[in-house]
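What follows is a group of structures, each given as C-alpha cells.
In the two complexes below, chain A is the common chain; its partner is chain B in one and chain C in the other.
Moving on to the complex of A and B:
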C-alpha cells in the first residue's frame, strides 16, 4: 500500500539523487570488502606502506586499458546498443600499428594507425547497424570474428614485437609518481563523464537509447548518432590497443581476448541499463576497478586464473542481484 | 442459408442485466443490457470509448464485472479466465488476431487445449479434426499443417474461427472482423457467418460500418458511455439517423474555448496528393496560419499514418508536403522548418520516461541552448519552467521524471517541447496533434483545449486528429473527414454537426450524390 507522507515532489527528487549515489556507494563497499579480504589473507604485505602504495598503482595500471574500452562500451550500451567486437578491434589495431611498415613511421605513425583503424572498424559496425539495420549483437559478433581473422592474417599469427622506445616507454613512464597509463585512464574517464553529462552528444546518447522513436520524432538523427557511438567505441579500442601494446612491448592477433565480456560486465555492474537510456561513467570505472582488484587479490595469494574466472562470474551475478534487490527495496522504502 | 430476418426465433442464450465494470477513474461499463438469441447476428454499435471492448472482454473472461447479472444458457455466468469462457462455449475473435504466427493452422486451432496422449501431441488426429472444422467453414483448401504466417489476413481469420469451433462455441464474438479484409473477403466472411447462424450459433458482431450491419445483422444494441441506449433494434429497418442519434446523445459536455474570427491568410502547410500504399491515398489539404484543422476518422482510417507522413516520419509513396514554401523530406527537415508533432502514443513515441521533465521539454531544442556542444542545464531548466507556467503544468517541477506526471501533464510536456523550440530556435509554425486528449481526464482536457486554442491565436497552425468527433468539432475551425484512407469531406466546423460527421466517418451515406 502506498501511503504518502513526504510531499511527492521531494520524494521523487530524492529518489533520483539516491539511485546513482547508492549504486556507486555499493561498489565502493565491494572494493573495501575486497581490500579487507586482501589484508586478512596477506597481512604481512599490507603492513608495508610502500607495498600498499605500489599495489594500488598496479591495480590502477591493470585497469587502464580495459577502463578506456569500458568508457566507450558504456556509451554504446547507454545508446541502446552493444559492441561485442572491442577485443577484436584492439587486436586488429595493435597488430596493424606494429607491422614493420607502420613501425617505420615512428611512434606518431603507430599511434595514428591504431586510432584510425579503431575508428574505421567502429564506423563499419555503425554503418551496418544504423543503415544496414543489422541487430548490434549480430553485426559486432561478425566483426569480432572477422577483425581477429584479419589481425591473424596481417601478423601471420606471429607476435609482433614493438621496437619503438617511445611506444614501449608509455607503460613505464611515471608522472608525479603515477604511471602514464593511469593518467590516460583518468583523462578518458573525465572526458567521458563530461561528454555524457554536459554535452549535446551525451544528451543525444541518452535520448537515442532511452526512446529512439521519441528522439527521432524530436528531430534527432538517430542513425547518425548510433554510427558515432560505435565510432567512439572504436576510438577507445584504438587507444586501448596502444596502451596494451606498450605494456607488452608487442601485439598479436590473440591480444585483449574476451575484453568485450569484461567491458560489458564492468558497465553493467556500474549500473548501466543493458536496454539503454541509463548509465554512468563513474559506475563503469568502479566496475572495472572491482575486477582489477579481484585479479590482484588472486595474484597476491598465488591462486590460479581458473578459480579467478569462476569467482568473476559469480561476482557479476551477485552484483546484479544485489543491485536489483537494493533498487527494489529502495523504491519501496521511499514509497513508504 | 437463412435469410437474415427481422424476427429472430431462437431462444435467448445470453442475457446481461445492468452490468457494471469500473477501472480506476473510469466507469467503463455503467449498466449494460444485452440479449442475444441462438442463431442471430447481434450487432453492437457505439463510438470509440463507448465500452464495446470492455464488454466483450467481460464476456471473454479477461475482465470481471463488478456488478450486474450475466446469464449464459440460463445459468449465472462469471468466467474467471479466458479458458473458462472458452470452455463454456463463448469464443472471441479479436481485432488483433491472437494467433501464433509460427505454429501451424491445426496447432493454432487447438492452442490451449491440444489433443494429446501421455504428453505427446496427437498430430494426426489434430490435423484431421482441423480439416473437418475448416470444411465446415467452407475452407477445406487451407492445409492444417501450413504455418499461419503464410496465410493472408482473411485466412488467419478463418483459423481464428476454426479455433472458436474447436471449442464447440455456441456464441462467437467478432470485434470488427471486416477491418482487415478486402471487399470480396467480406462477402465470404458473411457467407460463413450465415452458415454458423444456420447451425444455431449466435454471433455478436461489432463494426463501425453501417452498411455491413444492415447486410448481416439481425438486431442492434447501441452503447454509449458504457450504457445501453437502445436495445434490439431491427438491423435492417432502423433509420441511420436514429442509430447515430443513439450513439451520440451527449451526456458529458466538453468545455471548448470560444472561437475567434479567422482572417484568411496564405496556407503555411500544403499537402498535395500524399499517398502511402495500403494506408492512405491522394490526400490533399492545407492549413493556414493560426488555423486549427481537424481530421475526424476512426482508428485504422489512415489518419495517424497521414499525420506521421506529413511530419516526414514515414516515407510517402507519392505526393508532396510543403511548409511555408519549403519541401519537407524527412523528420529532420520538418523540425528544422518549424513543424512539431505530438504523437498518438505519448509514452512510446514522445517521452523519455525516466528523464526529468526539463530534458523532455528541451528534447527538440537542447542543441539551441548549448554553447559549443556543451549543454546549458540551468538555462534549459529556466526556459522549461517558463513553458511549464505557460501551460500550467502540475506539479510545477521540471526535475521530476516524466513518468510521474499524469497523462494530461505528460501531453503538456510534449506540446511544451515544440513551444520551447519555437521560442528558442525560432518558429514553430505548425503543430501536428495526434489524439491530443487520449488518456487525459475530463478536467485536464478543457485545459489542453485552452492551450491548443491559445497556440492558434498566436499564429501557429494546428492539424489535429481525433477519434472523438465532439473534440474535432469543438476545437477545429475546419474539419476534414477521413474514411478508409481517403479524405472524403471538408467543411467549416460550424457547418457540421456530430451526427453528420459520424455518419460520414462510418458510412458516408449522406455524401452520396453530394458535391464535395
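Moving on to the complex of A and C:
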C-alpha cells in the first residue's frame, strides 16, 4: 500500500462531490443553451405556454426508455465493465413479451416475461464475464448478435403488434399531468441514485470498478458482484422493453437500434469514467436529456438528422476531453 | 447461530429460487410460440389458359436476404407459396445470409447445381452484378427481384417496384385531397425510412415532384428506420414541430404502426395520413376508418409471386398470353397503386 499523506476522508469526499456538482451544472448549462437556441429559432412555438409545457413532457417522455437503460449501463461501467448488448436485450425482451402466446397471459404475463428475459440474458452476460473470464466487450458483443438473432427467429422477422390495451396504455397514461413513462424514469433514477450512493452494493460497485484486486482483498466477491451488475443492466433493459413496446404498440427484432451507443454516450457525458470506478446517476440522466433535447431542437427547426448526429458526436468528444482535462488537473493538484 | 443451520437455510433458498427459475423457464419457452398463419399472395391462372397447363418441370433457385423486416419476410413467403401452387415447379431456396458476400457464396453453390432459372433479391444490385453475369453465362436465366443490376447482361428479367412512383402517388393523393378541401397553404409532414438508402431518396423525390404540381411543399421531414419504435420517435418529434398539420406521408407501413401510436399518444387528429407499402394492418385501418390513416400507396411483395410465375414461363419458353411476343418481356416495373377506403376490399388479399 502506498502511504502518502492522505487527505482526511471527508475532504476527498467533498472534493469529489464538488466535482460532480460542477459537471452536472455544466450539463444543465448545455440544456439551457439548447433551450435558448430553440427560443431564438422558433419564437412562435415558444410563445405558447401550452406548447412549451407539452414540449418539456415530450422531451422527458422520449428520454424515458433510454434513460432507464442508461441507469443500468452506468452501474456496469462504474463496475469496470461495458454492456454492448442492451439494444439487443430490449429487442429480445420486447419480442418475447409480444408473441401471441405471451399476449394470451395478459399484461402481467407480458411484463413478467420481459423482465425475466432481460434478467436472464444479463445473468448469461455476467456468467460469461465473471466465470468464463471473457472480456466484457467480447461477451456482450456476442450477446448483441445472438440476442437479435434469437429475436428475429422468434418473431419470424415480423413486427409483432401488441393487442393489449393495458400495455399500450402505459404510454398514454398520465398521473398528475405527467406521463407514466416519466414517472417510471424518475423512480428508476431515484432508485439507482440510492443504490449507488447509499448502499453497500453501490460502494462495492465503485470498489470493484476502481480496483478489482483491492476489492477482492477487501473481501468483496468480485465475480458475484460483476454478475449482479449485468443482471441489473438486463433488468433495466427488460423494463425499457416494456416502455418501448408500449410507445410503439409493437415489438420487433430490429427495435432499439444502437441503444447501446446512446446509453454509453449518455453515461460518459454524464461523467462516468469508461475505465470504471467513478460515475453518477444524475449525470447520466442529464446526458440522456441533452440528447433528447437535441433531437427535439433539430426537429422543430426541420434540420437534417445527419447534422444532428454530427453535433451529438461533437458533444461526446467535448465532454470526454473536458473530463480528461479536469481529471488530469485534479490529480496534479492532489500531487502538489 | 450455527453454520449448519445457515447452510440449510441457504439450500432451502436455493431450492426455492431454482424451482422458480425452472418454472419461469418453462413458461417462457411456451411463450415463444407465434402461430404464423401465413397469408401468402398466390395466383395461378385457373382459366383455360395454355400457360396454366402443367408443362415441363422447372427447377427455380431462389435467394433473398435474411433481413428482419416484414416486407422481406413476405417476399420469401410469397415465393415459396407461389412455387408450391405449381405442380411443375420445384423451388430450391438458399439462405442468403447476412450480407452480399454471404449471398454470393450461397449463389455460387446454387449455380453449380444448375437450376433451370434463378430468382434473386440481391442484398445490393451492384455487389451481386458479377454473380448475375456468371449465372447467365452458365446458361441459367436470372430473374432480378426489385434491386437492379447495373449490367443489362446480368439478367433475363427484372421485376421491381416503383419507388419514385410511390412518392408520386402519395403526393398526388395528398395534393388532390387538399385541393378538394380548398386548403391554400397546407402544412405537410413527411416521415421517410432510412434516409441514406437510394430507395428512400427516390420516394422523396417523387413525393416532392407531385406536390410541386399543386404548388405545395413539405414543411418538415423526420426520418425513421423502418421500425415501429423509430417511427414512434420520428412522429413524436414531427408532431411537436408542427402543432398544426394538414397532411402526412409515412413511407412505410411497418414503421407506420409506431407513427399511428405516436399520433394517438399526442391526441392529434387535425390531419390525414397516407402510408406506404400496403401492409395488412394498414389496409385494415383504412377500411375501419377510425384513425388518421386514409390511404396507402403500394410497393407490394406480391412481386415475388409474380417473379416465380414468370420464372416458370421463362423456364418453359412460354410468353405472357395477352402479349403478342412469344417470350416474357425483359423488364417489368409495377405501378404503385393507391389504396383507399373505396377500393380496399380488392387489395385485402395483397396486404402482407
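Things to note:
Heads up, the rule we're going with is that the second predicted complex is superposed on the first by the 306 of 336 C-alpha atoms of A that agree within 3 Å, B and C clash if a C-alpha of one lies under 4 Å from a C-alpha of the other, contacts with A are read in each partner's own complex, and residues count from 1 in each chain.
Keep in mind that, in the parts below, a contact is a pair of C-beta atoms (placed from the backbone, for glycine too) under 8 Å apart; a residue touches a chain by one contact, two chains touch by 3 or more.
What you see is a predicted model, and the numbers here were worked out from it, not measured in a lab.
Per the definitions stated earlier, placing chain B and chain C onto a shared chain A by superposition produces no clash, and the two fit side by side. After overlaying the two complexes on the shared chain, residue contacts for A:37 are found with neither chain B nor chain C.
Once the two complexes are overlaid on the shared chain, A:216 sits against chain B while remaining clear of chain C.
The partner of chain A that touches more of its residues, comparing chain B with chain C, is C.
Contacts of A:152 after superposition on the shared chain: chain C is touched, whereas chain B is not. In the superposition on chain A, contact of A:171 is made with chain C only, not with chain B.
In the superposition on chain A, no contact is made by A:311 with either chain B or chain C. In the superposition on chain A, contact of A:101 is made with chain C only, not with chain B. Across the superposed structures, the minimum distance from chain B to chain C, using CA atoms, reads 12 Å.
Those residues of chain A lying in contact with chain B across their complex are 8-9, 12-13, 16, 198-203, 206-207, 210-211, 213-221, 277-278. Those residues of chain C whose C-beta lies close enough to touch chain A in the complex are 24, 27-28, 30-36, 66-70, 72-73, 195, 219-223, 225-233, 236-238, 240-241, 243, 254, 257-258, 260-262, 264-266, 281. Of all residues in chain B, only 311, 313, 331-332, 334-336, 341, 343, 348-356, 359, 363-364, 366-367, 370, 373-375, 395, 397, 399-401, 404, 417 touch chain A in the complex they form.
Only residues 45, 48, 51, 54-55, 58, 61-62, 96, 99-102, 105, 109, 112-113, 116-117, 120, 148, 151-152, 154-161, 168, 171-172, 244, 247-257, 295-296, 299-302, 304-306 of chain A touch chain C when the two sit together in their complex.
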